[in-house]
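Just below sit the structures, each encoded as structure tokens.
Presented sequentially are two complexes of subunit A, the first with subunit B as partner and the second with subunit C.
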Partner chain A sequence: MRVTTKLFATLRRGRFDIDTFDLPEGATVDDIITKLGIPENEVTLIFVNGRRADRATQLADGDSVALFPPVGGG
Partner chain B sequence: MDKILRIDMGAEGGPKATTVPTGEYSGLGGRALTSAIVSKEIPPACHPLSAENKLIIAPGLLSGTTSAMSGRISVGSKSPLTGGIKESNAGGQPSQVLARLGYAAIVLEGKPKGDDIYKIFINKDGITITPDNSLKMLGNYSVVEKMKAEHGHKIACISVGQAGEMRLLAASIAFTDTELRPTRHAGRGGTGAVMGSKGVKIIVLDDTGTTMRQPKDPNKFKEANKKWIAGLQSHGVTGQALPTYGTNVLTNIINEAGGYPTYNFKEGRFAGAVKISGEVEADLETKRGGLATHGCHRGCVIRCSGIYNDKDGHYLTKQPEYETVWAHGGECGIDDMDTIAMLDFLEDDIGLDTIETGVTIGVTMEAGLLKFGDGEGAINLVREIGKGSPLGRIIGSGAAVTGKVFGVERVPVVKGQALPAYDPRAVQGIGVTYATSPMGADHTAGYAVATNILGVGGTVDPLKPGGQVQLSRNLQIATAFIDSMGMCIFTAFAILDQPETFQALLDLVNACHGLEMTAADTVEYGKRVLKMERDFNARAGFTKEQDRLPSFFRSQPVGPHNVTFEVNDEELDQVFNW
Partner chain C sequence: MKELNDFLSKNAQGDLIPWQAQVQAAEELGLSLRDVEKAALTLNLLPARYQRNRQTISTADQLKLFESKVAVIGCGGLGGYIIEELSRLGVGTIKAVDPDVFEEHNLNRQVLCRVSNLGKSKARAAEVRVHEINPAVKVIPIKDAFSRYNGMKLLEDIHVVADALDNVPTRIDLARVCETLEIPLVHGTIGGWYGQVTTQWPGEGTIQKIYRDCAETQGVERTLGNPAFTPAVIASLEVAEICKALLDQGTSLRQRMLFINMLDMEIDEIQVC
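On to the complex of A and B.
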């Protein structure tokens, strides 16, 4: 299945802003984080299709995953 | 900080300054002090531009000390925009300077008879009030330049631009930053119009010959300040995200979450958001020789601001904040950073609330006066405000007035004040704060976005009504306390997640003032402030019917989540039922 991944803020450094790749059926958000080699504690906010998700969230074909480090403002 | 400077602008024979002890207001600072004076001394039914209204400017209880982040200043009044109580607060240098000069507050009262405008100079030796009509209709940048020529560079200024002089409802009050530029604003609620109505163009503060305020227990204070700074620096938001990218780091995440109001709250995502995000902005600032990390006042360790240079590397404006970028970006469909930065500069110079002005431009686009995305048209509209043309005066009077003039249904305001940069349908917690804050729609009054979207202070589902009332209530109470200390609200990100950092704040307050406040006491302090504010509004004629969002938020679903605002009226009425 094809999943789009978007990285933000410091997570982009040395990686990418947006990319789409193939994942095996049943893959989770955690699989993407592992595949990209992002250290355990760097991702604190995960959105799948604009909804809050977590590492264990199972992905489906066409999903859009957004990964953020801690961010805030206002 | 044991005295209040009262200036009667309408006194016989010209403005008269009197310094009085804080008296019954002792122990109050910042928002607690401005709201106490508004609530006790201003007739709730008065016209906001009349002699009966007052303008109160107060540093926080910790301002002027060596404690980090203590440079916020509160401005209080009866708001010309909402008709209710207003506390609008700003960063910049004046808070620390005013506190070191020993003043808990400046209160501008009365109204001069003629049409002279005045400058007020305050240093350790006293107060001088002089009419100076050569300052008439100058922008904030020009009037500050003139003061630098007269008084040197070791000053801090509080001023109004053309908008304040014209008493427009979106007029702000400008506070100078560490570079002595008028870039930090008490934007919300039209307090600039009140200052203009008092005939005051600028207050110049000079703290030469003064020292830092001394805490009652210097050792305990020093120890607490170390823990306070360490706590702020170790939290991901205050230690990394805000220093690196500034507040505009929010554009991508709020857009991703579907809560980024687009085309005047028609949609929840903006295709152009990626071009005006904090990542792009910080990169541009660095490339052009500006700064992506910069504090708005000395003693700030978060440093969320920056310096924005134009294409040729010349200073254009300070780093436009998230709310400003959104108000002219997604709200107006503009996706060009330089256009937004120019609007930021113009609004700082003319002295306008960037949220109110941006939303108003969005409303005119909805009306068809301009097309969404027309950056040049937006710049021209803002210039009209500075000129004081009839159209400019309408736009400068805010979204509610402009919406009526142009016959627009979708006007995003509560109590007459424009909504900030989070759609309350997709971030329901902030909708509760918008609806119920005594200030009108104000995200800073109880920043539920933290818990709804950012995972700070726990997690509450942003798309559902459950838990939002309690969240907003607790945040509104905590914020009222923080606003009274002179502390930047961004410290809340660390406080909400780290109990030891909250304890460090308590220790700072206690060591400074010789108190023994507990966490429970801070809650009581915050409630007391909110109670005074709500009491003033009730006497000014506000009822629960004003604690509501515009009805379109219930009837028009917003994409991509296709949601409406679902917190019902009965629940909203429980926010202050603690």
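On to the complex of A and C.
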């Protein structure tokens, strides 16, 4: 299945802004994070098709995933 | 009071009260500038300093802002600009909460920080600065850290709270206290080229939703730091949200968050519900 992934802020560094790639059926958001080599604590906001999701969310063909890092400074 | 009202009516230029007249009224009648400002606004006269607020903020709304109490939690990068803008806007009471003193590494971005106040209290600096800009505004400086233990007391009687904190756990505590007290919380946070803004209204639990998967105390700012422009941008968006919440105008960032990327100049809106 084809899934589009959009990365935000620092997650883009050395990766991409937006990309579409093939994943095996039944893949989850966690599989994308692992595939991209993003350390566990660097993603805290996950959206699939604009709706809040989490690492365990199962993906379907045509889904769009957005990943954000945490921001906490003031 | 009649004496003051007569003085103001006599010295009004159109419906504006010049600063000089405000000062003279206070001196001659033994009142505070704050008393005079309130009396002027109540008479539907606008202190001339606010004349460029007009069309955006009516005199009746200016009185509403004058009677409003906003707590700014954190007086660093975000908090400094928020306090500066609230005082120029004419918000009558600002509670400025921060346990820290200024350090050299604050000079790159914290508008309240200057060479001459290094080592001095940030909360107290807020009071000094506001007094220079708008002496009719009352600042209540609190040199203490916000916590779940003192939060209820600190936010008593506050209409809107500004989140200008620098860490995630205290922010979650602040959001919980605001939920309990049913106070709107305008959230802003920054890191490097990036920032985010939203407003948590009572019962919506927005901040906890945003940070529910964040086990860390800090975010990207830990490695990126914060340059001069990011706090200014995010603080200004927060103040716009505060102003609207106080005046019940416009459309709030309710259950949606702006994520701002100043490196690529992108603004994304995220649904938080």
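List of remarks:
What we mean here is this: the second predicted complex is superposed on the first by the 70 of 74 C-alpha atoms of A that agree within 3 Å, B and C clash if a C-alpha of one lies under 4 Å from a C-alpha of the other, contacts with A are read in each partner's own complex, and residues count from 1 in each chain.
Operating definition for what follows: contacts are C-beta pairs under 8 Å (C-beta built on N, C-alpha and C of every residue); 3 or more make two chains touch, one makes a residue touch a chain.
This one's a predicted model, so the numbers in the text were calculated from it and none came from an experiment.
Superposition of the two complexes onto subunit A shows a clash between subunit B and subunit C.
Contacts of A:50 after superposition on the shared chain: both subunit B and subunit C are touched.
Of the two partner chains placed around the shared chain by superposition, neither subunit B nor subunit C is touched by A:19. Using the contact criterion defined above for the overlaid structures, shared-chain residue A:71 touches subunit B and also reaches subunit C. Shared-chain residue A:61: touches no atom of subunit B or subunit C. Listed for subunit B are the stretches 327-335, 399-407 or 489-497, of which 489-497 clashes with subunit C, judged after superposition on chain A. Of the residues of subunit A, those at positions 8-10, 17, 44-45, 47, 50-52, 66, 68-74 touch subunit B in one of the two structures and subunit C in the other.
Residues 6, 8-10, 12, 17, 44-45, 47, 49-52, 66, 68-74 of subunit A are the ones that touch subunit B when the two sit in their complex.
Residues of subunit B touching subunit A in their complex: 235-238, 240-242, 244-250, 252-253, 256-258, 269, 274, 278-279, 304, 321-323, 443-444, 447, 449-450, 453-456, 459, 461-463, 489-490, 493, 560-561. Only residues 8-10, 17, 41, 43-47, 50-52, 54, 66, 68-74 of subunit A touch subunit C when the two sit together in their complex.
Residues of subunit C touching subunit A in their complex: 74, 76-79, 163-168, 171, 188-196, 209-211, 213-221, 223-224, 226, 231, 259, 261, 264, 268, 270-273.
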